[in-house]
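There are two complexes below, and they share chain A, which is joined by chain B in the first and by chain C in the second.
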Partner chain A sequence: MRAAVRLAAWVYAIAVYGFIFLPVVVLVLFSLQATSFPIPPFTGPSLRWYQAVLSDARLTSALVNSLLVAVLSSLASIALGFLSAWGFARFVLPGSALLRGLITLPLTVSYLIIGMGLLVLFNWAGVPKSLLAAGIGHVVINLPLCFAIIYSQMGDHQINIERAARDLGAAEWKVLLMITVPVMAPAIFAGFFLSMTFSWDEFVISFLLTRFETTLPVEIWNLLRSGLNPKTNAVGSLVFAVSIVLVVFFELTLLRRKPA
Partner chain B sequence: MSVCGRNSRALPWALVTPALVWTLLFFVLPFIAMGLSSLTAHEGGGFTLANYSQFFTDPSYWWAMVNSLEVTAIVTVISILLAYPFAWILAEMVPERRQRLALMLAVLPFWTSYVVRSYSWLLVLAQNGVINRTLTGIGLIGEPLQLANTRFATVTGFVHFFVMLLTLTIFANLKQLSPSYRKAAADLGAGPVRTFLHVVLPLTLPGIMVGAFLTFVLCIGDYITPQILGGNNELVMPQLVMMQIGRRGDFPLASALSIILMAVVTIAYLACARWLKIERA
Partner chain C sequence: MSAPLVDIRNVSHRFGQLAVLKDVSLAIEPGSYTILLGPSGSGKTTLLSILGGFVTPSEGKVFIRGQDCTAVPPARRPTTTVFQDYALFPHMSVGSNVGFGLRMQGVDGATRAAKARDALALVGLAAAFDKKPHQLSGGQRQRVALARALVIEPAVLLLDEPLGALDLKLRRQMQDELKAIQKRVGTAFVHVTHDQEEAMALADHCVVMNDGRIEDEGPPERVYARPKTRFSATFMGESTILAGTVTEARNGIVTVSTAVGPISVHGTSPAGGKIALAIRPEHLVLDEAKGDIALGKAKVGDVVFQGSFKRVLAASAQDPALQFIAKAPASAAVQAGDTIAVSCNAQDIILLAD
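And then the complex of A and B:
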């Protein structure tokens, strides 16, 4: 009886793993298809569609745009998030709880509605659709995240080190650069990488706020109009590979750093 | 007043002002603009409530909300039912030192791009996709099944995403549970089934509720999965919003529909929050 239950549990777990991996396996497998349709039977392996992706100027420029938007919007998010978290954690400000609530409020609203709001505002103010507009949207969604991560990690321990530096005569900007930033480095990196991955993968805001120059998810979306296509598989597999590298890097640099 | 004494009138405000101004300028102001836009007529621009009344009087709009709520409810329930036993097996039956790896594998496809993940399901479910080719290949069915462009496809795509998400949250929940509860239940003579039903399940219920709420919010606001997998047969609210912008450039109506969608999420949040408090008491 017990053995039967154990067996059933393992079968169940393997079935769920199968369900989770099915689309990814199909995606990567048929990115290696030699013929023009990513459907069975498998005719590869061939790297022809990867070549097609890398020689497609629209896709490669969209990839560069995506990286640019991700890095710059994450830098802005982490800078704004860090400074405000520091301000709220170190000083007693009137209405602090309310203001902190305001900064984290965008976390509760869906990307579609944030994008819609910015579209209406920019349309009304005559701001043209551009990568900059999408980048502004990405800061709106990532700033609260960076703020929350860093604010939650600023404890008494850090305050004491800062106080010691001040007592020894360090100016406020020196305390910030030489004490606070190094001490908070893990939280800062965590916020930055999380912002990077969210911005890198964000679709709906970029879709609404860009026009000619656009980001990779939007360009992939445009590819979908041509139906099932191994080129889409290839670009999807490449994006997957980049994300995995980012995640492994994140694991190795940040999670291993924790004091044992 | 201040924690650290010196030079502290201007400095704290200098630190927090940029983030506050950013939020006011690019989050609060757009929201106000959307609210005003929703109250103006698409043609002419005068004040009107027509954008809202259109939603309540036109059944095709009304049905999009019903579809949204139905799909979201189905997805939430199926995802929890699939993820809970899976997370339990990972937490209880996989040896401790392999758990990290097992969990990382379970959420690996999380790291594909969201658009690409829905497209991958299209490969699996299409008329000549993997499932149909396999089933006709072994002679189980004669004609390919209509799997893509259906509600079934939308639900499958969503469940795939949320099973991963909920496995993470429920796993964390189960691991936080102190083993002494279970020992106590066993000492008092409860078998594994009763221990689970009367001790483990109730203690993990608040966590499940948080996961369910997260699923609800993310699912009801998503445009990508229904658009790629469900097609245009049974529209959901985000599709309806995008349609107003894309096809007709009707910002006022799109704004009104967005605000209605947000109101529904807010109501769900309030309902959920109250329910959670009762559970904890």
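And then the complex of A and C:
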């Protein structure tokens, strides 16, 4: 009976992890295919499709665009998220709970709705479709995330630390830069890397808000329209690898914090 | 007479509807060690925050070195605070923590390091310069906080229950050290505590606070021996309290009618007024009436052995509501259930307005 339960647990675990990771494994495996079709039998390993990706000017410029949008929009999200978290944590504001709810609300709205809303708004305001527009869209989705991460870590125990700095003669901006930011560094880095991850492989908003210059996920979608080939697998694997690196950074910064 | 270093004039403060300080005036002399003593909610921490500039009082003024500092922010007033949780900067080394105040004043790195080392040496932590706060014990962190606050040479150093988080042994040790450091640097210290032993051991000037008011202030010896109010008699050490009515007041002698009979003591109080008489535990004489004033018989309720003495609680036979608190020698044969005679000497009775 016990053995049966154990066996069932193993089967279940394998099924779950298989379900999650098999598509990725297949994607990565056939990116190493030597022949022109990403279907069995496996003929590799070969790096020819990676070479093809890196020599494709459209894909490489999309990759640079994606990195640019991810870094800049994450910087904007974390800066705004930090300041709003600090404001809510340190000052008594009228309707604080309501305002905090509003700031995190975009987390519950689908990217499609946010993208459509921004599209309509930018149309009306005369902002052209561009990487900037997509970047602003990414700030809209990532700011609530950064805010929530930093706000949750900004406890009362830091209030006295900030007070001590003020007491020793620090001006308010020095308190923020020399005390609050370094003390909150783990949460700030965690928010930054998580924003990077989300911006890096975000498709819907970028698709709606960019036109000529676009980001990598949109470019991959363009590529997919002309049918499957190992090049799409290769570029997909690259996207996946970058995401993994960002998530690892995120986990390292958030989870390996020293107890205070 | 020169002006006091700190002059708190008629300060009141309210948090919303709640009045936490009610018309408090207090002078702090240069080089003194002032203790604000009181139970939680007495307003002592609020008064310290007002001195430090973290709270601006609703009414009244605070002068430091003759300057009106009432609304001056903490960064620009000559006070520094040692916080109860130490509030060290966790991301900086101990040396940088201590040097922070000098850095804010624009002192160059080398001078800063030298002064920080001196300050750490003063608190006995010269070796910790390069360590991080989390590598230190609670007592060591406390010293770093002290060094950090002292290094910028404040006019007044404010300490918010600085020993509250330490265990008893360490607390007594740090207490002695605080006093020694204060004597060495000569800075005025203002120290908040609810521990009356700490207050008696450290204070030059002891301020007893209750319910937003100063109940009593003065040298701890005086506050203990001759408390001004019933509250300070019970908060600063224990007392047996005899409530009574003045029946006669003449030639500096007051006769009070109490549950254990009339008692005459030196003092002045209008006849017919309610009054309380306090007697310190060490002044109650148990067994045969040796004292010059007999306080009747009492039934011993509890005897607690405390090492160097026995703490005796006894209920008066005349009025069971009257509890005697006495200190008997460790060798005393008194036991719970015994009926004993209680007496005291007239000069040990403290007259309190009730």
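One rule holds for everything that comes next: the second predicted complex is superposed on the first by the 252 of 260 C-alpha atoms of A that agree within 3 Å, B and C clash if a C-alpha of one lies under 4 Å from a C-alpha of the other, contacts with A are read in each partner's own complex, and residues count from 1 in each chain.
In this text, contacts are C-beta pairs under 8 Å (C-beta built on N, C-alpha and C of every residue); 3 or more make two chains touch, one makes a residue touch a chain.
Everything numeric in this text was worked out from a predicted model, so none of it was measured.
Engineer: Between chain B and chain C, point out the one touching more chain A residues.
Structural biologist: B
Engineer: According to the stated criteria, A:Asn123 is in contact with first (chain B), second (chain C), both, or neither; which is it?
Structural biologist: first
Engineer: Considering only the touch criterion stated at the top, classify A:Ala185 as touching first (chain B), second (chain C), both, or neither.
Structural biologist: Second partner only, chain C.
Engineer: If we overlay the two complexes on their shared chain A, which of chain B and chain C does A:Leu224 touch? Say first, second, both or neither.
Structural biologist: first
Engineer: Could you tell me if A:Phe212 is touching chain B, chain C, both of them or neither one (first, second, both, neither)?
Structural biologist: Neither: A:Phe212 stays clear of chain B and chain C.
Engineer: Thinking of the overlay built on chain A, is A:Phe30 touched by chain B (first), by chain C (second), by both, or by neither?
Structural biologist: A:Phe30 sits against chain B, while chain C stays out of touch.
Engineer: Check whether A:Arg163 is in contact with chain B, with chain C, with both or with neither, and answer first, second, both or neither.
Structural biologist: both
Engineer: Please write out, lowest number first, the residues of chain A touched by both chain B and chain C across the two complexes.
Structural biologist: Chain A residues touching both partners: 163, 166.
Engineer: Touching residues of chain B toward chain A in the complex: what are they?
Structural biologist: Within the complex, chain B contacts chain A at residues 1-8, 11-16, 18-20, 22-24, 26-31, 33-34, 37, 82, 85-86, 89-90, 93, 105-106, 108-109, 111-117, 119-124, 126, 128-130, 133-134, 137, 160, 163-164, 217-218, 220-224, 228, 238, 241-242, 245, 251, 254-255, 258, 261-262, 265, 269.
Engineer: What residues on chain C touch chain A, complex-wise?
Structural biologist: 52-54, 73-76, 79-81, 83-85, 87-91, 100-101, 104-105, 134, 148-149, 152
Engineer: Which chain A residues qualify as touching chain B in the complex?
Structural biologist: Going by the criterion above, the answer is residues 6, 9-10, 12-13, 16-17, 19-24, 26-27, 30, 37-41, 80-81, 83-84, 86-88, 90-93, 99, 102-103, 105-106, 108-114, 116-121, 123-124, 136-137, 139-140, 143, 147, 159, 162-163, 166, 172, 197, 200-201, 203-204, 208, 216-217, 220-221, 224, 228, 232-233, 235-236, 239-240, 243-244, 246-247.
Engineer: Taking the touch rule as given, give the residues of chain A at its contact with chain C in the complex, in rising order.
Structural biologist: That would be residues 157, 160-161, 163-171, 174, 179, 182-183, 185, 258, 260 of chain A.
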